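Same chain, two partners: chain A is paired with chain B first, then with chain C.
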Partner chain A sequence: MNRSATLKSNTFSIDYGQEIEGEITRLMNEIEATPAIAPMYPPRWLAIKLLEADEDIQMRLQVLEGGVHLLDIAQKSADHLQTLFGDDADIFIAERRYGWINGLVREVVQRPIFDRLTISDKIDRVVTHRLLGIPIFMAMMWAVFKMTADVSAPYLDWTDAMVNGPIARWIAAILGWIGFGGTWLESLVVNGIVAGVGNVLVFVPVLMFLYLTLAVLEDSGYMARAAFVMDRLMHKLGLHGKSFLPMLVGFGCTVPAMYATRTLENKKDRILTGLLVPFMSCGARLPVYVLFAGIFFPKNSGAVVFWMYLTGIITAILLGILLKNTLFKGQGSSAFVMELPPYRLPTLRGIWRHTWERTNSFVKKAWTIILATSVVMWVLMAIPAKSGGSFGGMDFNQSVFAWLARGIAPAFQPLGFGTWEASSALVTGFVAKEVVISTMAQVYATEGDEEIAEPTTFFEDVGEVITTFIGATVDTVKSLPLIIGVNLLGDKAEEEPTTLMTAIKTGFESSSGGHGALAALAFMVFVLIYTPCMATVVAERHELGTNWMWLSIIGQSALAWLMAFILFQGGKLLGLG
Partner chain B sequence: MKQLSVALAGNPNAGKSSIFNALTGSHQHVGNWPGKTVEKKEGKFQRGEYEIRVVDLPGTYSLTAFSPEEVIARDYIINQKPDVVITVLDAANLERNLYLAVQVLELGVPVMVTLNMTDIADSRGIKIDEEKLGLALRARVVRTIASKGEGIEKLADTIIQTAEETRA
Partner chain C sequence: MLLNQLLDEITNARAPLSVNELSRKLHVEPAMIEEMINFWVRKGRLVDDSEENMSTESDSHCGSCSACPESKEGAHAASASRTYSIPSRKR
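Let's turn to the complex of A and B:
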């Protein structure tokens, strides 16, 4: 590379042809003669932008000294070119630019003689097909949910056994060894922190598999096709096509999805999309469905979880149409070009990066927000509501927290889950959906009988950790064919429900008057629809403003109650469950 | 240590982020463009006697005033006057990518060109004469495969060359 002599500064310019160049030169002279403007912009560039009638530049020049005069002259130049070419000057300038580039590409690029359809084009012919596109999209989503629900299950069981087994034992042993055995501190650590954070961490495998599959779809380029396929459908429903992208992101986490609404150019579209994004069921809500579906619908848990996601989507669509025709009436959606990047084989590093970043942010939340709420809850549950009880020394039933939750519980009575346990989980769930289950683990654990752990040595524990992990990996590999419906695991013997599962089942059966499954569905729908988490509220305030944030919180809660009510009472009337 | 500022411009999916990551590694800072809800990524790295600060401009197809991203990108180039603007081009879709590159060049700032994802172009039998391309654009051209880290060293050197030439 010894061309530096010709490369002094950037002397690049396109020859726009005699007529346009004449006007450019004229405007450049005018710009040089306007001291308030000349130093602010590259003169040739500004001249071209003036001819193109660039709105942003026009707006900025208007307030500068000599700007209005300059705009007048530019208008005359543009008019002159229009009479000459019979079209707006910006169209002609763009054409010249494209022409120049086209010529350059002919000069420097050599393509194979048979420039056939690329592989990407061939794949797109199928997956973005007018009729096949949507079924393929649904099949892809189905595979994602099978992957997260079934394939991750062995690891879920393994993590669960680890947290509640060896880890809880080791922590209790360490506390006993330094002299805190049997004190309120042991209770705080084991019943508050380990139970709270631990019961959330056991769902890390589920989320990792969800994020892993989403990362593969994103990195391969399919996600863009999914948005393209849905774009047509969205337009038919009167929504903006680009709204679908933030909604897709919302299946991972609502917070980045809320920030993704900024890709929409029109402000009303942006707000409308921001209002609907929370109905896309995020990763943190999944563990609640998995747990409840596992308890009440063990045979069809995958289908129940899938229907939860679908319910969220349908709710968003219906609400979108409603809002579009009321609050946002008369907002024409602007046309937009959606790019379909070529398919690429995802790199392991890329997938790992995406999966890890998202899982990591979940874990971080588990350690901060969830730890804080777990401790606050433990304290509220340790303070006696009536005189006579001692701190940390009585049944949780008598605690301040139970007393507070009991106050709210009647509001959930018509929904079939008017117990203080369920209402306290929903209260803490407003902070983050990750803590719904940990709250339940804490409040129900008080009523279940303590598991009597067999004494084990440290080395036995370590051995168990390793052998069960290997077992889980083998099971996971075996369960891969489950995605397409082939079961290599053999019929599972009825799994022994955990104490938490039994406690939830008993609680819901009694609060709903024997309609436990219906109440569980209503509870899941409530969790799906009401405000996802505190972080989402913060994101809503950033992106939509304070007023929309409040409307969103109130609207979601009201809608959640209404939908759960209709589901539970309607189901009872129809004699279901 | 001498300071250089560099901005990355390019179409979405041209591999701008990969170039940014390959150059700056873990020295990144993510924030927002002032007063805008558009993400701004900044990072820096050292090469020879230079500390080079890199700003990742929003991915756009053009530099008109149609979207906030486009206005942010061109305002940054005009007002902050980076020492070098790197235009990242997807070698497999050169024609479309050049539309942005040409508009960046028209801003009259020092520009260098990265032909990225040349492996994909190669696999499709697309051959690009980078010598001619550089002459026509009056800019230095570097071939990279950012996802594999190929060509990044050369890119870093070329940034410095371009800056030194235009500063002289």
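Let's turn to the complex of A and C:
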């Protein structure tokens, strides 16, 4: 008995239907009549592979004697079936095969397959529920931002005290020790680098908490559900269902979110989503919200941060609907299938890796772009605007930087923050949103009356670093119940205002005619809506083209101004703030 | 006609679908739904969006935005789940 005969007797057959079976038999006869091929493969198996146009088999047969002839016959059979069925033969072969497998599973698997729900299925029934899904997503976001704003506060206070306390003192002492005390170099380092870079680094704990909570949600599998639920909403609103996936990426950073719009196959959908992505609040904007919410809304800072993120989402959705019905009219949105990964218990290692990667990137940037911007700003603030002053020897209020900033400040007057300090922070913030904080720290540091601290020794400082860190850790644990509104910290939960916070509060109260809180909200909305950073502009140009990039920059700036104006002036009319 | 039923469900859906939803609708195990989706991807009747995205991503890189880790895995963690859609005729 030859090999093919053995294989023939041991195999079972799926019935592919009369027409396909007829072609299989015809091909099998041809195969068996080809001596160079017949002993090598089971004839039925080979006939099916040929009808399926299996590329590997086609290549192998081409070099065998009689192979080309066999391939010609197979092609004719496949063409005949295609004419008969109106589609490729392999689809009907696969159709039969899947049908057979499904029948077998139903027959031999004893458990009630379709009634059995895994834990993931049970959770999904609630989390991705058509009605409950969105409130659950909102509740998750609420928890994330309460955690970020409230629970991280003790560590934020600790790093602030460290940067502006012992670290600033040590740097000043070292400069004095090597003979640069009282020189422009000391001013550059203390008022430029420490005030600029240091006050951005102060927010590292806030970002770590944000990235940590996002990592938990991502690693657990919830984020995929959030995208699924929101995509469904987007779809109902007439936007492309897949728009929310890039937007979700935008919570971390707008740049990869812009590149993630490539998952949308239609160019118009890609452009539309690319225009909406910058409204999702990236991590770099968080320090601005935390600082301002801490100054003007100390008791509700978590809620304010949450509402800022929500404002971004709502703005993106509303603008998306508007654009979809105007500039992008006539584009239908197609449905899609999403593979939802099973829920997993996040590992400490995985969470730490995600948190560290993102935080590390933030810290790296502090030593590159923010450092460079801080130095450039310090130089501009050291050059006198009028003759008579000396380099670094006059009040920064009289500097070229202040003079330039005063030129644009009137544009922000109707928004409640028409000072040169706030205006300059918004202009430099175009480079990156972290620079808003470093600019404010620099411009306000020169104006505030520096606290005169008691002289301390190095060892006293080290002791203070350690004891205050332990205190911050204990307070962080105690502040966890703040997420559900339980305050175990008492009065400690209320942050002691720093010199920078006091200076910002005074500046905003003064520029807004006593409506400081309203002006602060308008400022935060402006920061949320206008162009996120230069890197985003580059990504927009790359992904959307130059014209759309300009439209995006101009549109975002105009919308930011308009929204801040309505908020401030509307709030004033209603007697708020 | 499971394969065509699956494709019809996706084509005619009014909202995004999950594999589990399709499994319940077609009374087929989720693993088999995934296999059938892969078949349609091989046939070009569905597009694996993640593959599409990655294949054109080689010339792109994250900018200097601080919140963006350099690794793709981290950057796209939020969108880690795969999506499949009907390819549009006009790109």
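The rule we apply is simple: the second predicted complex is superposed on the first by the 460 of 577 C-alpha atoms of A that agree within 3 Å, B and C clash if a C-alpha of one lies under 4 Å from a C-alpha of the other, contacts with A are read in each partner's own complex, and residues count from 1 in each chain.
Throughout what follows, contacts are C-beta pairs under 8 Å (C-beta built on N, C-alpha and C of every residue); 3 or more make two chains touch, one makes a residue touch a chain.
None of these values were measured; they are calculated from a predicted model.
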Open item on the list: Contact-wise, after the overlay, does A:259 reach chain B, chain C, both or neither (first, second, both, neither)?
Closed with: both
Task: First (chain B), second (chain C), both or neither touched by A:207 - done: second
TODO: Once the structures are superposed on A, label A:542 by its partner contacts, choosing first (chain B), second (chain C), both or neither.
DONE: both
TODO: Please indicate which partner A:98 is in contact with in the superposed arrangement: first for chain B, second for chain C, both, or neither.
DONE: both
Task: Which partner, chain B or chain C, touches more chain A residues - done: C
TODO: Classify the contacts of A:15 with the two partner chains as first (chain B alone), second (chain C alone), both, or neither.
DONE: neither
Open item on the list: Under the stated touch criterion, which partner chain does A:231 make contact with: chain B (first), chain C (second), both, or neither?
Closed with: second
Task: Partner chain in contact with A:341 - chain B first, chain C second, else both or neither - done: both
Task: chain A positions touched by chain B in one structure and by chain C in the second - done: 98, 101-102, 105, 259, 262, 265, 339, 341, 542
Open item on the list: Applying the document's contact rule, which stretches of chain A touch chain C when the two form their complex?
Closed with: 88, 90-91, 94-95, 98-99, 101-102, 105, 113-114, 121, 124, 128, 207, 211, 214-215, 218, 223-224, 227-228, 231-232, 235-236, 241-242, 245-246, 248-249, 251-256, 259-260, 262-263, 265-267, 282-284, 334-341, 354, 357-358, 360-362, 364-366, 368-369, 432, 434, 532-536, 538-539, 542
Task: For the chain C and chain A complex, residues of the former touching the latter - done: 1-4, 10-20, 22-24, 27-29, 32, 34-37, 39, 43, 46-47, 49-50, 52-53, 56-57, 60, 62-71, 74-88, 90-91
Open item on the list: Per the contact definition, I'd like the list of chain A residues that touch chain B in the complex.
Closed with: 1, 3-4, 6-14, 40-42, 44-45, 48, 52, 54-57, 97-98, 100-102, 104-105, 107-112, 118, 259, 262, 265, 339, 341-342, 344, 347, 350, 542-543
Task: Partner chain A, residues of chain B touching it in the complex - done: 12-13, 37-39, 64-68, 71, 78, 92, 94-95, 98-99, 102-103, 105-111, 120, 124-130, 132-140, 147, 161-162, 165-166, 168
